[in-house]
Structure formats: C-alpha cells, structure tokens
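Shared between the two complexes below is subunit A, which pairs with subunit B and subunit C, respectively.
For the complex of A and B:
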C-alpha cells in the first residue's frame, strides 16, 4: 500500500473500531438491563451529534491551553499506538525498531494527559479523578511493561513486526499464558473503563470529564475508545499473532483479532464491579505486579 | 443534518431532586429515550423533580448556568406556579418522557429558545493567579500561590500520615448519589475527608413508596401493595449502590425492576442478585466499611437495625403476617455489606409474601413495619460523624447504604 492508502486505512480503522465499541457497549448494556437496545447501530452517531450541538463551555479560570489540548493529544497518542502495528508483513505506518519502548512512552504520556485534563478544568471532582488516575495508572503501566518485555524475549527484538513474526510457530498467548490477561487490565486502565474507571466514575460526577461539554467532550470520548482500540490492536499483535493466519488476508486477521479482544474488553468493563482506589492500589502492588514479574521470569527461562 | 441526528439521541437530562411528593425519577430510567447524566455539563435539560427549598434556589441557579447551550428547565411535580410554560412542566403523577422528548427536539432545532444565564457570569472571588496561565505564585513550589497562604494541613492526614493540601468545598444539594437537599462543607486532604459540617439539612425522605402505608391508616389495604412498595423502595436503594460500584447497567436493571414491581408485574430479584454477586459486589464493599454501633442501629430502626442483628419488625406481631409464617430476616455485621444484603433479603421476602398471599387484606390502622428507618425526631448522631477518615468513593457508599429516612434522622432539623 502507498503511504496515503495506509494512512486512510489507519484513520478508517480507528473510526470504525470506535463505532464498533460504542455499538457493543449499547448492546451489552441492553442485555444486562434486560431490555431491547435502542437503535444500536445509529445511537453512537446520534450521541456524537448531541455533543457537537452542545456549546463548548468554560469553567472559572481553567488552564485553557492544557484543557483544550488534552483531548486531541489523548486521541493522538491512541492513534500513534495503532500506527505501530503492522496491518500485514509489508504494511506498517510506523516501522520502529523500538516499537515496544514507543508504546511504553504512549502509556506514560497517557497518564500525564489524563491528569492534565482533570486538573486543568479547575474543578474539585476533575482533580480527584486526575489524582486517582495517576495512582492507579502508574503501577498498571509497570505491569504492562513487564508483560511486553516478556513478548520481546522470544523475538529477540523490541520491534512489533518481529514479535509478530516470532509467533509463526506458536502464539504468545499460549507460550506466555498470563501475558494477555494482565495486558487487558492495562486496556481497561488506559481508557478508564469498568473496574478500572477511577478517572471518570459516577461517584465524582464523571471526574476528569465532569466539566467538559461540546466538541472537546466528543474528542475526549472518542479518544477513550481509540485508546481501547490501540490496546486491543497491540494485544492482538503481540499475543495473538497479529496479521498471521490462514485463508484470509493479513489485515483481515488483524481486524478480526482486534475485534475479538475488544469484545472481551467491553465484556469485562460491564461485568466487573469496581473496588475502592486504595484497595485497588494494594491489589496491584502486592498481587498483580509480583505476578507480572513472575511472568517475566517464566518467559525469560523459556526463551533461554 | 447535525440537528436531525442530535434530535434522535436519548434526551440528556440532569436531575435536581427536590422535596415534597418528589416524583418517581427512576421511571425515567426505564425509558431508553432518556439519558440521566452525572453532571450538568453533559445535559440539555435540567429536570427539577419536586419543590426546591427557597434557600436552595441559588444552588439551582448555579446548576442551571452550568448546562451548555442549548438548554431548558423542566419542572416535574405538583407545586409549580402558573407562570411556567406548559411545555416545561408535568405533574408528579404524569410520565414526562414525551414532554421531555418534545422539549429537547425543539431545543435542538431552535424552535425553543435556549435559556439565558440566571446569575451574572463573574467569579465568586477575584482570581489572582500568576504566570501565562494563572498557574502559580512565587518560589520553586509555587510558594504563596494566588496571594494566599500555602494551604498545607496543620495536622497530618488521618489515613496514612501523608500531608497533602487541604481544601474545603461545599457539596450538595443536587449532587447525584447524595442525600437530596443536604449541603455539607467538606474538608479534604487528597480524596480523604477530614471533616464535614452541615450547611443545609437533607430534604424529608422521598415518599414515592409511602402511598400504601398512608392508605392503611384510613382504609383496608392489600398486603400485596404494602409489600410491593417495600420491594420497590429497597430496589431503588440497591440500584444506587450498584451504580456507585461501577455497575451502571445492573443499577438500571434494579431501577427497572422497581418500576415493574410498582406496576404490579410479576418479577424475581434473584437473577439481579446473582449477577451482582458474580460481578464481585462483595469485593467492592470492603468488610467493615460503614459499620455502625448497636445503639445507632437501634435508634435508626428499620432495615439498618435488622442488618445489625436485631429481629425487630412490627410485622412479627401482625396476625396476617403470622399466618404466613413471617419471621424477620437479619444480618450480623451492621456494615454496608450487611445493609445491602438486608435490602436484597427483605425485597425478596416481600415479593415471596405477595406470591404467598396475593389477596390478603390488612385492616385499617394495622401496625406494619415501614421499609425505611423510624420517622422520629433527629438523633444526636450526625451524618457528619460517619464521614471523616473515609476516601470519597467510600463515603458515598456509606451514605447510600442508608435509606433517606435514616439519613434525615442523622441530619439536623430543618428550620421551618
């Protein structure tokens, strides 16, 4: 594909997957609530139109520069994450030798951006959401780095295309069984959903998004979906062999695997209750983080 | 094009819960056409359910001005003046969904003009920030920001000794998941509550499910109506907790069940309870969170007392109930988990009683346990004593583990 075609595919992939997640959310909610869904395919578009129709409001003395920049930057980070992933053995938008490191930088910057969005509105609940997000987001990021480094060991490379090629014989999800479940937690955390929704939860009136309306809110909500897509795309590539698969073309396999991971992520976000932030911190530091380290040691021993 | 698409979206509504014959807001949740938002910034319509205290008018105005344009207010209740437009009001017995939809459509198309600010658009205190973005004061750490003293705490944080900035803010009276009408001045360190003072007491308990209990005072009433009202009341309480632990879809299901119970439909609660258990509801409520002592439990009465292990229930002495082998259900721990389990148990028991005796009638004036705490004068234990030391999400869970009657008894008396 030419760079232009690749860029168009990249944009279409992000928009399509965001719509897919919104539709899944609607269907899953309706099923859980025990009623028929309301215009499941078109409802996300209606909601987008409502947000666009709303005025972009201001708060008292916000840090306007950061407040307005945070949503597009968050979406940009998500888009960069997807760009790291090859659609096929020859088609990758950002073919980096250090793709995994780049992804780590995306995770770290996401924590900064979400904090900025909550903080810059100059509002108490936004601030609480921002602090909570940093407290939870940082240790989850450590878990994901251990897990991703483990996938780089059999490939002997930090490049995502090489990690995919290293799975021609056996997918990492089988070779390293703890990796995918731990990485999915990162997905919920980076886009603050379900049991990891500490930034924008109901008890703090939607937290970091409590004060934002209009187009900036639309970008913010899209960025959350795009970030979930980015995590699912990376997960599909480093654990499920990405574009590898018989019969179908490579990009199709990537789309199918990403869609499957997203289905699991959406399901988890609807099915699990959220524990208090302090108890979640304890769980992450004392159970999940040591577990991810054991996982890394296991992967290292296997790779020897 | 944009307007046509937006007009088809669920109507984004922020609910300001008033007092006195407050309508059954959960009825709105049954409709997929309504999207009850967590913040006024995401709403097009401010729905005022019931009458608002005069002293809360300023809060309501501030809330109103936070809605983005185009916006409108809708009054739902029985005590609205004649000066309110027909398109913007409904009686508490009416279903307002169609009116809300029409109002929203007109707002989006421009046929209904967006409401202007009620208050002057000026900050309550002069802003004295420094730097390009008003971000700080002097010195490496911001030193003396905004011309005020560095707000470091005089004492360490009461949770883990880590000293964070202290800030004091007023919360209420229309905050979601917050006792309607209650305004607290809360001092935080980080997200941990250090202290709380009552500025305005909560509104009297909502009386949506009170009708059959009131009727029983004057006429013979069906046991089924009494027990259905109990189950509906408990389901609404359960729904609030489910939403707070991040299970909004199950919360909505509980609200829908409450509406169906009131509508005399045959429903079972067990699937909801199992789904909540599978989602990890117990883990979400820390053991011991919101535990109250026996004296407070006794003073509150009702489900809170039975959750503490006291099998006190007026139905035990009622011949209609004794014929049905009624025995009160109880818990032991007297914490949030126990009170939630108590609501579930009592709601299931209530519907079982309805099934066992669908035609049983209660004599006029018969003594029957109400679903909520005792409606007696306030007790000396204040709602503010529950909160210090709790992290914000825990504080909301603790508050929502009591019914509104219990919370009223733990607040000061409202000045007439």
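For the complex of A and C:
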C-alpha cells in the first residue's frame, strides 16, 4: 500500500473500531438492564450529533490552553499507538525499531494528559478524578511495561513487527500465559473503563470530564474509545500474532483479533465491579506487580 | 534544507521556548509540564540524530518523572492544586548571574569543541549496539539486579507503610492518646453513636 492508502486505512480503522466499541457498550448495557436496544447501530452516531449540538461549557478561570488541548492530544496518542502496529508484513505506518518503548511513552503521556484534563478545568471533581487517575494509572503502567519487555525477549527486538514475526511458531499468549490478562488491565486503565474508571466515574460526576461538554466532550469520549482500540490492537499483535494466520489476508486477521480482544475488554468493563482506590492500590502493588515480576522471570528463563 | 533540518529547528525552538517559559509561569503544575515539553523536544532531536532508544526513553522517563514531581510539589507546598498563582523563582540576582554564566560557558564549549563527523551507516542496528556497548555480557546480571531492586523498593514501602502515625494501616486509624500510654482520644469505633440520646 502507498503511504496515503495506509493513512486512510489507519483513520478508517480508528473510527470503525470506536464505533464498534460504542455499539457493543450499548448492546451490553441494554442486555444487563433487560431492555431491547433502540437503534443499536446508529445510536453512537446520534450521540455524537447530540454532543456536537451542546454548548461548550466554560468554568471560572480554567487553564484554557491545557483544557482544550487535552482531548485532541489524548486522541492523538491513541492514533500514534495504532500507527505502531503493522497491518501486514509490509504495511506499517510507523516502523520504529523501538516500538514498545514508544508505546511506553504513549502510556506515560496519557497519564499526564488525563491529569491535565482534570486539573485545568479548575473544578474540584475534575481534580479528584485527576489525582485518583495518576495514583492508579502509574503503577498499572509499570505492570504493562514488564509485560511488554517479556514479549520482546523471544523476539530479541523492541520492534513490534519483529515481535509478531517471533510468534510464527507459537503465540505469546500461550508462551507467556500471564501477559495478555495483565495487559488487558492496562487497556481498562488507559481508557478508564469499568473496574479501572477512577478518572471519569459517576461517583464524582464524570470526574475529569465533569465540566466538559459540546465538541471537546465528543473528542474526549472518542479518544477514550480510540485508546481502547490502540491497546487492543497492540495486544492482538504482541500476544495473538497480529496479522499472522491461515486462509485470510493479514489485515483481516488483525481486525478480527482486535475485535475479539475488544469484545473481552468491553465485557470486563461491564461485568467487573470497581473497588475503592486505596484497595485497588493495594491490589496493584502487592498482587499484580509481583505477578508481572514472576511473568518476566518466566519469560526470561524460557527465552534463555 | 531537508525535512530533518526543518524538524530539528522546530524541536529546538520548542525546547528553548518551553524551557524559558518554565521560569515565567506562576504555577508548579505548568512549570513541571513545560519542563517536560522541553525535554520531549530534546528527546525527539535525539531520535533525529539516529539514537531512537535514548530519545524515546527520554520522552518516557520525563513524562513519568514530571508527573510525579508535579504531584509531590502540590502535595508538599500547601498550594491548593497548583492553580493558585505563586512566585516560581527565588534568589533572582544570583540565579540570573548563574544562568548567564552557564549559558556562556556551555555555548563557548560548543564553539571551541571540534565535533567528529562520523555518520552512522543506514541499516546499522544502533539499539542492539547501544545495549552491548553499555552492558556487554552483564546484561542478564544488570536486568536481574534492576527487577530485584524494584521489588525491594516496593516491599520496603509496603512494609513501612503499615504502621502509620495513628496505628496500623489495616486496623483503621485511631487517634493518639491525650496522655502517654493512655486510652486513644475521642470516640472509639464500635462505641454507641452520638445520635443515641435523641430517641424519645
């Protein structure tokens, strides 16, 4: 594919997957509440139109630059994450030698952006969401970095295309069984959904987005879906072999695997309850992080 | 002037301007993230110089570091959330003099140094080369020590954070006694609530 075709495919992938997640969310909520969904396929588009018609809210003395920049920057980070992933063995938008290090930078910058989004509104609910998010988001990021380093060990490379090629014989999800579950937690944390929704949850009136409405809110909600897409795409590539697979062309396999990972992520975000931030901190630091150490040792011994 | 040159000038301008703005802003949070922006621009210049690992690791580390720094500054400085305006610079005369001197000295060093022109051949595995150059055969030992150190840090924080100022963290907080060794002050958990005597 030419770079232009690749870019068009990248945009279509992001928009399509965001729509897919929104449809799944609607169907899942309807099923849980025992009602029949109304226009499940078109509903996300109606909601976009509604948000666009709303007035953009302004608070008293916000940091307007950071406040307005945070949603597009968050969406941009998600887009950069998807660009790292090859659609097939020859088609990759950003062929970086240090792909998973760049993904780590995306995770770290996401924490900064979400903090700034809550902080810059100059409103207390936004600020509470921002602080809670940093406390949870940073240790979850640590876990995901150990998990990603483990996938680089058999490939002997930090590049995502090489990590995919190293899974021709055996997918990492089987070789390193703890990796995918731990990485899925990162997906919930980076887009603050379900059990990891500490930034924008209902108990603090939508947290960092409490004062945000209109077009900025639309961009922010889209960015959350795009970030979940980015996590699912990276997960499908480094654990499920990405574009590798029989019969179908490579890009199809990537789309199918990403869609399957997204289905699991949406299911987890609707089915798991959220626990209080302090208990989640204990869980992360005393259970999940040690698990990621065990995982890294396991992967290292296997790679030796 | 090719694309790389243009990118260099843009990143250089971002690095210098945001570095300068760190000293003009009136908020700890803004100062931290302006400094982060400056470092990110420097990291991207390192990527342009064909040092992708060092450059992107700089971006990664600066994002985490500035986030933690901003949070801790706000926590310790009693400035609600860092949105209140506050003076961010101290010792004006000394710092201006030190800044001018350091800038002149470093610029002088750049001018008098004869840099070697030794471009890396395209296709060289610079990341693997850097790892071997830095660590050589001790890679495994170094990585093991790194993870062990982190595990030790986490464990020591968890062990030391159990006994808080007001009792063990997992038993709930108990206020200190009014006299040494006495009963804890205030109402005890489990005692009848203060609303009991309102019943008729």
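We take it that the second predicted complex is superposed on the first by the 304 of 304 C-alpha atoms of A that agree within 3 Å, B and C clash if a C-alpha of one lies under 4 Å from a C-alpha of the other, contacts with A are read in each partner's own complex, and residues count from 1 in each chain.
We take it that a residue touches a chain if its C-beta (ideal position, glycine included) is under 8 Å from a C-beta of that chain, and two chains touch if they have at least 3 such contacts.
Being a predicted model, the structure only gives us computed values, none of them experimental.
In the overlay built on the shared chain, the residue A:289 is in contact with subunit C alone; subunit B does not reach it.
Contact with subunit B, but none with subunit C, is seen for A:217 once the two complexes are overlaid on the shared chain. Of the two partner chains placed by the overlay, subunit B and subunit C both lie in contact with A:131. With both structures placed on the common chain, the touch criterion links A:63 to subunit B and to subunit C. Of the two partner chains, neither subunit B nor subunit C is touched by A:298. Number of subunit A residues touched is higher for B, counting subunit B against subunit C. Legend: residue contacts after superposition of the two complexes on their common chain; A:109 is shown touching subunit C, with no touch to subunit B. Applying the stated contact rule after C-alpha superposition, one finds that A:19 touches neither subunit B nor subunit C. In the superposition on chain A, contact is made by A:119 with subunit C only, not with subunit B. Of the two partner chains placed around the shared chain by superposition, subunit B is the only one that A:202 touches, whereas subunit C remains out of contact.
On subunit A, the surface touched by subunit B in one complex and the surface touched by subunit C in the other have residues 61, 63, 66, 131 in common. Across the complex, subunit C meets subunit A through its residues 27, 29-30, 33, 36, 52-53, 56-57, 59-60, 63-64, 66-68, 70-71, 81-83, 125-127, 143, 147, 150-151, 154, 157-158.
By the touch criterion given at the top, residues 28-30, 32-35, 37-39, 42-43, 45-50, 52-57, 60-61, 63-66, 124, 128, 131-132, 194-195, 197, 201-206, 209-214, 217, 270-279 of subunit A touch subunit B in their complex. Interface of subunit A with subunit C (complex): residues 61, 63, 66, 96-98, 101-102, 104-105, 108-109, 111-112, 115-116, 119, 122, 127, 131, 134, 138, 141, 146, 158, 285-286, 289-290, 293, 296-297, 300.
For subunit B in complex with subunit A, the touching residues are 2-3, 5-6, 8-10, 12, 32-33, 37-39, 41-42, 44, 66, 68-70, 108, 123-124, 127, 129, 133-135, 167, 169, 175-177, 188, 190-191, 243-250, 252-253, 256, 275-276, 278-281, 283-284, 286, 391-394, 396.
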